[in-house]
Amino acid sequence: MSEMPVFGAGIWHFATYKDRYATEGYGPPVGLLEQIDKAGAVGDLSVVDLNWPFAGFDGSLDDVKAALERNQLRAVAITPEIYNRDYVKGSITNPDPAVRAQALKLLHEATELARELGCDYVKLWFGQDGWDYPFQVDHKTLWRHSIDGIGELAAQNPDLKFVIEYKPREPRVHMSYDSVARTLLGIEKMGVPNVGILLDFGHSLYGGESPADAAQLAIDHGRLFGMDVNDNFRSWDDDLIAGSVHPIELFEFFYTLRKNKWEGVWQLDQFPFREDCVAVANTAIDFLKIVERALDKLDFAAMQKAQDEHDAVTALKLAREALFTSY
Amino acid sequence: MSEMPVFGAGIWHFATYKDRYATEGYGPPVGLLEQIDKAGAVGDLSVVDLNWPFAGFDGSLDDVKAALERNQLRAVAITPEIYNRDYVKGSITNPDPAVRAQALKLLHEATELARELGCDYVKLWFGQDGWDYPFQVDHKTLWRHSIDGIGELAAQNPDLKFVIEYKPREPRVHMSYDSVARTLLGIEKMGVPNVGILLDFGHSLYGGESPADAAQLAIDHGRLFGMDVNDNFRSWDDDLIAGSVHPIELFEFFYTLRKNKWEGVWQLDQFPFREDCVAVANTAIDFLKIVERALDKLDFAAMQKAQDEHDAVTALKLAREALFTSY
Amino acid sequence: MSEMPVFGAGIWHFATYKDRYATEGYGPPVGLLEQIDKAGAVGDLSVVDLNWPFAGFDGSLDDVKAALERNQLRAVAITPEIYNRDYVKGSITNPDPAVRAQALKLLHEATELARELGCDYVKLWFGQDGWDYPFQVDHKTLWRHSIDGIGELAAQNPDLKFVIEYKPREPRVHMSYDSVARTLLGIEKMGVPNVGILLDFGHSLYGGESPADAAQLAIDHGRLFGMDVNDNFRSWDDDLIAGSVHPIELFEFFYTLRKNKWEGVWQLDQFPFREDCVAVANTAIDFLKIVERALDKLDFAAMQKAQDEHDAVTALKLAREALFTSY
Amino acid sequence: MSEMPVFGAGIWHFATYKDRYATEGYGPPVGLLEQIDKAGAVGDLSVVDLNWPFAGFDGSLDDVKAALERNQLRAVAITPEIYNRDYVKGSITNPDPAVRAQALKLLHEATELARELGCDYVKLWFGQDGWDYPFQVDHKTLWRHSIDGIGELAAQNPDLKFVIEYKPREPRVHMSYDSVARTLLGIEKMGVPNVGILLDFGHSLYGGESPADAAQLAIDHGRLFGMDVNDNFRSWDDDLIAGSVHPIELFEFFYTLRKNKWEGVWQLDQFPFREDCVAVANTAIDFLKIVERALDKLDFAAMQKAQDEHDAVTALKLAREALFTSY
């Protein structure tokens, strides 16, 4: 039996949330150190992804390091907040060149911090870069701006990886990095080895992709640098508990990773708006362990044979037997 | 030529917004009185729908009345905030009976205010009443709670109307008042004459309805008490500028109202996250005036004949000719 | 442990298919008697739903009866083909009164046949009744036509049940019986006891409903007369193998039936375009047996308590434990 | 004022249709020559796209040529039927190497015919190449098969163009050429100059793309070789009348083509299941002429300025004024 994978989570998993209606929040604010302590309270969590700037936090970086250490956590990544405050009309694609420059400056800062914390990568999520209306933007320019600067940033920091997390939409009505294939096209243009993709299972699902297929495509381009999981109802980024709606496709996703000998952290990107965040993380990880055991049990040769024949009935039986007997 | 309709808007049209990412807001906060002044700056706006409690406002009701008066605005409705702070796990369907009671109390307060301000109706939008996950709720109980209390509230206040604004989802992953037909089923159970529907064009669109058909159904049940318009891409409640994406179906919606001699305010429920809110209201109203002129020009008899024959080609030609020559 | 339920299938499960591209068919035509023999080859199938007229069949009714008998099958229902040939512009909502009359005549014929074969019900699926374009139809008239005649048909045949199978769309771009709530509204208008709903799990899923909630609503109105299952990706009626995509929600659906002590046939409505139809039926039934065993194992009291508290984490854990240990 | 564009249509626009329910067809069969005559009856149609083999036609190629000539039509393209009969489990991605070889042979035949008829391109639409179920295929192999052979075919026929028409799904539940970006990725791998994209407006819409953005991306890669238009409700390939639902985005699409000085045929890919096909073509072309006139009237410099500022309100006003005054 294989060892259990390394589990991780975005630190925002342990925050409280607002939205456009519940502007007063789904609960009292939770400070950064408290978020880290909650992450530490999850049984099997080893790494976290931290936002930068540290929102509402006026302590020192050493405080953060100490909190991580006392919870036996490592920062696997930094996610700069290029979608808040100054960037609601776009970060690197903002119509104002001064804002574009400011966004790049923030990316450089985040890169420094990632290096300082020994992270594996900087995560770029361009939630405000895109458009809302027909006729609003010149698509040629927008896409050029989406690519410009990232390659340069990566070239200047060859010791770090940069990952783009694509998503179809939200908060922008349409984001420019909207799919695995579009993101790969952009990355190829950049022409650097250290920009890749972070594949969010739920973003892929609700973008109409098969996450297993998206993972394979990114792997075949040598660009699958990270992934995270959650679940949704295929029409929005609900960030529900992994496995709560689509256990079969989640299993197929991890099957594809295992088949390709892909190794990396199994991260959670869940938003427990109304639930206890520690319980939500634990129950998701419980299911991921079922998946891991099922992968150990699955007959890969028989599965390959069924897939070579496009034999859905046999392939599904094999998958079902492995998954439903690994509780 | 008919007179122009009365135009209105939700007062939140003139606020600034937050969402789960841009938690610091899309702009500096705008106070209630300033929102009213902005509404007054729109050329053709006569009425507004006000939230209760007045969020972040510590002035008096007289201040609000004065602000309305100086802007020649009337409060057409009160929308109680049963989706914020205490109600994120549900208002009248909350699992906790104390919260359900508190929600009803807030509805009574809002009713008093509506009477005080001479409103036409109290608007009930149950954004947090529903569920997120499979197995989370007992659907029989949830639906019963969705209905309980509303009929009583309405019976106690026969001088006012109460409207339910249905929507498929958001913030809840699934709302219990999700569609026109479901809402009519619930209203029929209540058995009172003064509960009806406020039909939001965009909610209907993205719920997979034809808004014209939804309006006709509500009218045929004697329950279309209000409506508002906006636009979206059919997969989310984007609250974009009315007519910016679906001008033909918007025209069909108003055609259905005119054909049924329905009279009421043409309201805007738009969220101009990144745009100037006054300009957004004005440009929407400009399009609604095109629609009104097109209705004056449309050959209703010829349209009826085409519809009697299900003749899409002729019906669309008639609609197109009227709409595209009424700029 | 409870007895296994009665399993059934639409006879079309064992046919070959055409679509608008593969007009020559996904395989050589399979005659009615051969379809029945294939149904008989499925291990646990007891009943079938038959179309009327018997397409491409020139044998006698006795031949059909004999084929059913030799396969130990019973006809549970007749589904009249009111969506083919003469009815592509609508059956009971056709703009031509002569076609509407002809459709009703066909329904009466199907009713006679259902009585002759000892069926439980006649199934009404109005696949061509609706509209394609904005402005195409007068929605008031269309809905009135959707209701007219059915109540009368049912009143004249009080010994039989009539079930309406709603679906959002296909082949019509929008069908008039599109959702559980709309269908219940229509049935209430008819005012007869023997018209109910056949709830297709996949139609409910891709219409944006929660099938468990839809089932509860129909039960609470005393109108859940039948159901069938399959699966899809929530954007179309794919009619895939039950449990292949949404096992959790399928389990919740059957949980709701069991909780309400609903009894009836567990039917399959799958379209195995490219697979062996017998294998597809068998593998689906295998999963339904897992579901049945999981229902026996599930702690209903604990689940009720979790649902009373809207406690998604606990509810999902209980469901997961029961379902993933019942292989 | 610019000259009117060349209008074209797929010859199937003038056929009758079947689907999985109306297996007897939406009307009596229409032979190939009759289809061509109907195309000729449309006022402004100059070119047609022909399927190969000529389904149900036993005349000679000279008969076809004569029919085209007497209707003053030219064959702009050949679309081989690699989605019918032998190819329902895939053409070039079929699990059986013999079927893959047969599919390539058919593509070569179609290429010969395209040359013989003086066509501009061979159109490749891989409707059956993809998958239906989780776990059904090895995605690496499927994608490799999707690419293999096409580059070779194109290299051997440098005098002709080959266009891939992507589409998210149907008849396959998921097609491998599903989006503009994925298709561009595949084409880049082929490494030949004469394989490009045919962008179907409706496929782009319902795949969640902005068609204007998709067109710009294909142009920027030098791969927009053709396009066709129609309309739908964003959840399926309804192939409705162009402009009947999304006139604004259709206008933006053509604006993008004009801005890039893209020249080519404005083709129709509509399926008038229940309407008169000649009337449907004429009314669509009438709207396309409105669009063309609106492009002549639009202030391109002002639009560019608004887009440079991401100023949606101004951009939409400019577009609306041009489009709604060009009837």
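To keep things simple, chains are lettered A, B, C and D as they appear, and every chain counts its residues starting from 1.
Rule of thumb we're sticking to: contacts are C-beta pairs under 8 Å (C-beta built on N, C-alpha and C of every residue); 3 or more make two chains touch, one makes a residue touch a chain.
As the structure is a prediction and not an experimental result, all values here were calculated from the model.
Greatest Cα centroid separation from chain D: this falls to B. More C-beta pairs in contact connect the chains of B-C than those of the other pair, out of B-C and A-B. If you average the CA atoms of chain A and of chain C, the two centres end up 39 Å from each other. Note: centroid distance chain A to chain B, computed from Cα atoms, is 35 Å. For chain C, residues that reach two or more other chains under the stated contact definition are 89, 132-134, 208, 233, 235, 241, 244-245, 248-249, 312, 316. Taken in their complex, chain D has these residues touching chain A: 89-90, 95, 131-141, 143, 168, 174, 178-179, 181-182, 184-185, 188, 207-208, 210, 212-213, 216-217, 220, 248-249, 251-252, 255-256, 303-304, 306-312, 315-316, 318-319. Chain B makes touch with chain A in their complex at residues 17-27, 55, 83-85, 88-89, 127-128, 132-134, 169-171, 173, 233, 235-236, 238, 240-241, 244-245, 271, 273-274.
Chain contact summary for the complex, chain B toward chain D: residues 208, 233-235, 241, 243-249, 275-276, 279-280, 283, 287, 290, 312-313, 316-317, 320-321, 323-327.
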